[in-house]
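What follows are several structures.
Two complexes, one shared chain (chain A), two partners (chain B, chain C).
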Partner chain A sequence: MNLEAFQAFAADNQWGVLWPELSMALLAVLLLVIDLFAAPLRKSVIPALALGGQAVILVILVLSFGCAAVGDYFSQMVNLTTLGQVFRVFFVLTSLLVCYVGWVYLQRQNLPRTEFFALTIMIAAGMMILGNASNFVMLFVALETVTIGFYVMVAYARHSPYSLEGGLKYLIMGALSTSLLLFGIVLLYGAAGNPSLPHYTGDGLSYANLNNFIVANPDNLLVLVGAALVLCAICFKIGAVPFQIWIPDVYQGAPTPVTAFLAVGSKAAGFVVLINLLRGPFAALEAFTFPLLAAICAVTILFGNLTALGQRNVKRVIGMSGIAHAGYLLLGVLALIKGVDWAVWAIVFYLFTYLFGSFAIFGVMAHLAGPDDENQELEHYQNLAKNQPFLAGVLAIGLGSLAGIPPLAGFIGKLLLFIAAFEARLYSLLGVAIIGVVISIYYYFGWIREAYFKTLEVPPDEASGETARPYPHPRSLSLAHRLLLGALAAFTVLLGIYQGAFGSSPF
Partner chain B sequence: MENFLFYLFSVLTILGALLLVVNRNAVNGAMFMIISLIGMAALFLLLEAYFLFILQILVYAGAVMVLFLFIVMLIDVEKGPKTRPDGLTIAASIVGLALLLLGIIAVFTTDSATSALPEVTKLPEAASAAGIPFGTSVRGYGYGLFTKYMLPFQVTGFLLLIAMIGVIVVSKKITASGDAEKEGPKKA
Partner chain C sequence: MDNTFINYLPLLAIVIPLAASIVLCWGKSLGETAVKAIALVGFILPAVIALVLAFQFGDAPRGDEGYAFLTDTDLGLQSSVGISLLLGLNGISMPLFVLAGVVGLAAGLHAIQSKAERLPLYLQLLLVMQGGLMGVFASVDIFFFYFFHEFALIATFIMIGIWGGQGRRSAAMELTIYLTLGAMLALLGLIYLYISTDSVSFSLIELRKVVASQPISELVQKNIFGLLLFGFGILVSLFPFHSWAPRGYAAMPTGAAMLHSGVLKKFGLYGLVQVAAPLLQAGALGWSELLVWLALGNILIIGFVTIAQRDLKQMIGYSSVMHMGYIFLGIATMTVVGAGGAVLLMVAHGFSVALMFMLATAIFNRTRTYDMTEMGGLGPHAPLLSGFFVAASLASVGLPGFANFWGELTVFVSLWHNYPWAVAPAVLGVVISAIYGMRAIARVFYGPETELFKKTAAAGNIRDITMGERIPASILIIALAVIGLWPQSVSRDINDAVEGIEAFSRPSMMNHAEPLADAEAPAANTEDTAS
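On to the complex of A and B.
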């Protein structure tokens, strides 16, 4: 047995470079241990520790941004890049905000508390590894960690039939997507290990080896089928159209913070994997991946926007519009395939604007919703501006940003993606995307209209208990909540006016 | 001889899986799944992957299937209403099958040297294991797990932790204080 080779492998396992992931995982375990040995602290210390711990990790991550380790580690299991570093910040921020929304949500529910924070943080750690994975074994294990965590979190409100239904549907669809992914990986591995082909490799799971093989055999049938299956599985995660079928029910049934996590975190994780694959092993398959993803992109934008028009449940509106946002992001991915390298940063910027806009909306939703979390209709938001002007303002800024209204960040995000698509000469897709944006303004402003302008009162005798009542809003918000929601809205406005490094790179 | 065994166990695996899908009785379905898993284990044996063979028998055909059977018997699935697939489902599956058959026929009849399936899957005259780092022995497997595949191995530990927490969260009732609800009267 070749022990020297094993020693070389072991020497490459430098745990220090993964300190953000490790500290997130340890924070989650610490929360569970405190819950076990100091149960009375459950309501006070644990949320504070979860939020504070992640805030500290986030600050250190941002401050140490320039001097992070870059390169291959763990025998090419992870390839740390600047992009991966940005997504680490993104996922820690997402997890922090999910924990905040979850904290608001759990105050009104009889549900396990500590486990919610622990699961959220562990899933975020899985996503952070996913963003840096450069080996299919690592990719699969990290993706399954994230997905299995989501199965649990969607079904978290176990007393609610909607939540359990959503959990079951997500489990079945998730298992299907996992099987597609595995089948694709196995085909790629099998084709790359065939010694009768040029540049065959004994370890076809590593992105670098697979890339060498695919460059030498770009039109091998098994490679194409395998790549198509892997891309299909990722389209499940980002909710692109032929694979969007799970989205409405799962988004509606899941507790509000989990819906936010799915909408922002899961989508971003899917896109970082897609970018890594298309820039890595699948780079030589451009002639095959481009038409495939272009068709998916066009259908996704139109389907998401058109189906969102008919929804009255706000979580379903968010879900359907999330499909459309996946379509806009795919436009950036297509520009990337066509060689517009800065499209990566357009995608990253768009994801950040989506994060701030979405969490502004989800924060408002969590503050307003009653105990029955899954039936949040548009009618509930009537007269919101009169009763809760602050929340209505945050809601309007968030929705305006998602719709892409000029002074807000969402507009610049869309603009950058569209400029990238224009540079890549994707004119017809650009037309489809602009039509989609125009449609989306209707349903986003329908929501704002309910909150600001609609004062129609349904007569009580006609209602017969079926019509949704506006939320009563008896609670007044404390300063901390106002500060956090205000900060999300402020970031949304600020990124629309000043984009820092993002604004300068494309022009 | 090896060819004959390969075809025998492949047919066993596929047949078991097919019968599992079409069978409407859960216990029979579980039994067919065992057949399918044992067929797969035998295929591992033919590939000289003895460790995987043992794992497949012990874990899948043994432990996991016993768990399945326990659950099937505990929840008594026979009582539920039997639903037949509606017209749309049947039409969709027929269209799907037709597309699949079309794809298979297209793959096998294309003349192009690079894209026809038999050409792609043709094995070389003399395959060697030189490029494969770890081999199939248990020892090589263990070395690989704790050196090259250390990180995925550790992440798998967290995966199992998440699954364990998930089972507890979804199965226990919670009181307002966040404690688990006591079930039944306390014993003195």
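On to the complex of A and C.
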């Protein structure tokens, strides 16, 4: 390779563009180093540094939003877009909140702490790159960073058989999804490199080249199979039927903060990849992707809602309802395929409302959970409103938002998705979505009912035995907890009433 | 009064109860008196504002489509999907806005003096409901119209759960799921409407303008109206989607039952008159025949079911379902008289049913039962209470002198012109409601004292109506009587507004011959002048 070509190549590597990802990774390394050399500080400094460091990154990221030039970097490995920048904010926020929930969780567990924070932050950095990847190699590397991190985190509570079981299941299912993804990529690469086809390319991994090729050969069988496999792998991440089977056990077994991370972060990462692919290389495959995803969407909404009905364990309820939410989001993706461009904004808005609503709930769950984290039943929420009115209020707002009840943010999210779907004329899918929403009222409000409705308390002498006991945790919350949970609830209400600058599409 | 300030009064009427509700979050540290005082302010001010606006309404400068007091606030969604908090009142929404204010005041007063446990939370939820209700009728933007309705609905769910009566756990769930289904269908219909008009805004004014210049195709109109009819119909307990209502009302605490049956349930009817029919004339005509049949189902079938009730609260719940039938009939005629009568009847029914639910609780507090066969002989012990109850029952039957009479009369008149065959069953409904009304009076207040009643009477807690019950009851009775004796106070504005809507200009079928003859005559004249 001559020097000039190398220089041209290197000139593209503007590391400064990736400063948020790099600083997240550095923060994670810093935590590990401190843990190594200053062990006595572990308890106090590490959580504070993890939370504070991410808060600083988040603030700078928000303040400098839009400063970085949009475009290709690193020889088209990274394509920085507005969407990718929004998702950077999303993932840093997610990771920050996961660390908060994790901090609450770890106080009650005898588990190593530093690794938890370091892993969370590292995974978040992977997700951030994922949002801006514009090459299948980049996509794969980032996705594996995320997935391998999750393998460890799901099984983090190593003394709990549930957590280990969840970890094993996630490992096997994750490996399957990875292999599907890889196989799909290879098929696409192979097909695109066939010199007998028009617009063949030597670099079939880059989105731009692949797009050129697919536009010229939209009916090539290998391309279709490859695209289908890649989409299947993404459906694993977002938890769409029929790739949802890992969800209930993994969600229940994983520590609560990890469940939250899977529910929000992993799902959002799946959607950003999906949007990037469908707007990029797979744009020409509309006739193929639309029916495929439409079928998945309908089944996902119904399956998620119906299976959530019978659950008593709240982590499983959240898991199943998360499947349904993936279905609603797919509605937006389908509208996008049909050419409703602002549907991207609807999806992003929905994901943000989902973030606030979910973490309000997970925050409450973490505070109420006993030492056996996987055992969180609906019965444990009885009389919560009486004993802990603040937590009950936050819980009700979070659940109401997920259910899509005005004046909460989730309703606006659903409204935007529905309007987008209407514009794309997806009438029958809208019908399915409405049925799903109505079913979901039963379990969301069933949960609120446990917390708010008065229940007859079993006299203590009868209660001894197998009856589920409410958690003995009427601890008072410190101001910091109240502020953070209150802020999540307040955001959920505020975003439902006043959208301000978020009320119009930035894309 | 300054014009710009008065325009912000509708917004204030929504914000004040909500703000009061937020302040009550700190109820524990405020003390009981302060809580009650704040709640009182939150209930009185909207009612005062509503009355002030009603008196100013006649002289107020009108904007498009007869709306007065218009204010527009962009909350962020205007540029993207055309949603903004556009508030204003026209002749149809004005009386209902007053209804919401006054019934809210009565329910609030009743709640403040009630001995409900966790009173601050109870008042808080009631205030949220009140804010939502004021918003429903003040919204010109159909998105916010829906939005405020849900506001009020969710408060109801929690209120049933905490303070509800028997069967509250399942009743709350049934009510919420059923009503969410209705609300979702209505929401789909509203979005469908917005999409198929190419309108850039959810504002009703804008939508009417767009529809007037480019009407929607008839098939699409029928589809949308179907969605709205069944969506709203579920919310109004249109037969056969009524099963949530009696159970739900029986389980609701009094304040919530008053507000829900009196005001919130009018949401769907109001939506049909104000939104669906004017924008979807062809769709409404297509569905009106079916609507008449379903409304007759409300009147006759539910009427007979009402007669069979033993439980006082269930009886009132069923009777309120039954009376919805008349309002639907009025709307189904698609005439000025019918629609105007429907709006008048909405107002009248709102006052009377709220009064009935309040009095039912007052009776329960004295007899400790809702079972009418277990009651009897309360009259001599509580003469004033029985007086109120008799008046309320007569009002709801439709006795002249009360507001309901005028509403039912106009509905019958309009029915006679368009669906003459439906008049007989509809009038039979009046007889039915007289039967159960009178029977209830006889069973509760007169007749021999039952064993149970003797027992409670011996315990010595039978008093006549207390001050805390008397004031709200008087407010509602006075409202009914004022409209009953001076219907023009309300009907003029309603009429003006309804006449301005083209959809309600359907010619009466009875006089078909005459308009046709009239139409020929001018045609001949024009020919003459041309030649």
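List of remarks:
Keep in mind that, in the parts below, the second predicted complex is superposed on the first by the 487 of 507 C-alpha atoms of A that agree within 3 Å, B and C clash if a C-alpha of one lies under 4 Å from a C-alpha of the other, contacts with A are read in each partner's own complex, and residues count from 1 in each chain.
What we mean here is this: contacts are C-beta pairs under 8 Å (C-beta built on N, C-alpha and C of every residue); 3 or more make two chains touch, one makes a residue touch a chain.
Treat the numbers as computed from the prediction; the structure is a model and nothing was measured.
Partners chain B and chain C, brought together by superposition on chain A, fit side by side with no clash.
Of the two partner chains placed around the shared chain by superposition, chain C is the only one that A:446 touches, whereas chain B remains out of contact.
In the superposition on chain A, contact of A:434 is made with chain C only, not with chain B.
Of the two partner chains placed around the shared chain by superposition, chain B is the only one that A:78 touches, whereas chain C remains out of contact.
In the superposition on chain A, A:400 makes contact with chain C only, while chain B stays out of contact range.
Touch criterion met: A:156 reaches chain B, while chain C stays clear of it. Here the vertex is the CA centre of chain A, and the angle it makes with the centres of chain B and chain C is 150 degrees, a multiple of 10. In the superposition on chain A, A:423 makes contact with chain C only, while chain B stays out of contact range.
Between chain B and chain C, B touches the greater number of residues of chain A. The least CA distance from chain B to chain C in the superposed model is 37 Å.
Comparing the two interfaces of chain A, the one with chain B and the one with chain C have no residue in common. Per the touch definition, chain A reaches chain B in the complex via residues 1, 5-7, 9-10, 13, 18, 25, 32, 39, 42-43, 74-75, 77-78, 110-115, 118-119, 122-123, 125-126, 129, 135, 137-138, 141-142, 144-145, 148-149, 151-152, 155-156, 158, 167, 191, 194-196, 200-203, 219-222.
Taken in their complex, chain A has these residues touching chain C: 342, 345, 385, 396, 400, 405-407, 411-412, 415-416, 418-419, 422-423, 430, 434, 437-438, 441-442, 445-446, 448-449, 452-454, 497-505.
Those residues of chain C lying in contact with chain A across their complex are 75-81, 143, 146-148, 150-151, 154, 157-158, 161-162, 168-169, 172-173, 176-177, 180-181, 184-185, 187-188, 191-192, 194-195.
Against chain A, the residues of chain B that register as touching in their complex are 107, 114-117, 120-124, 127-128, 130-133, 139-140, 143-144, 146-152, 155-156, 158-159, 161-163, 165-166, 168-172, 174-179.
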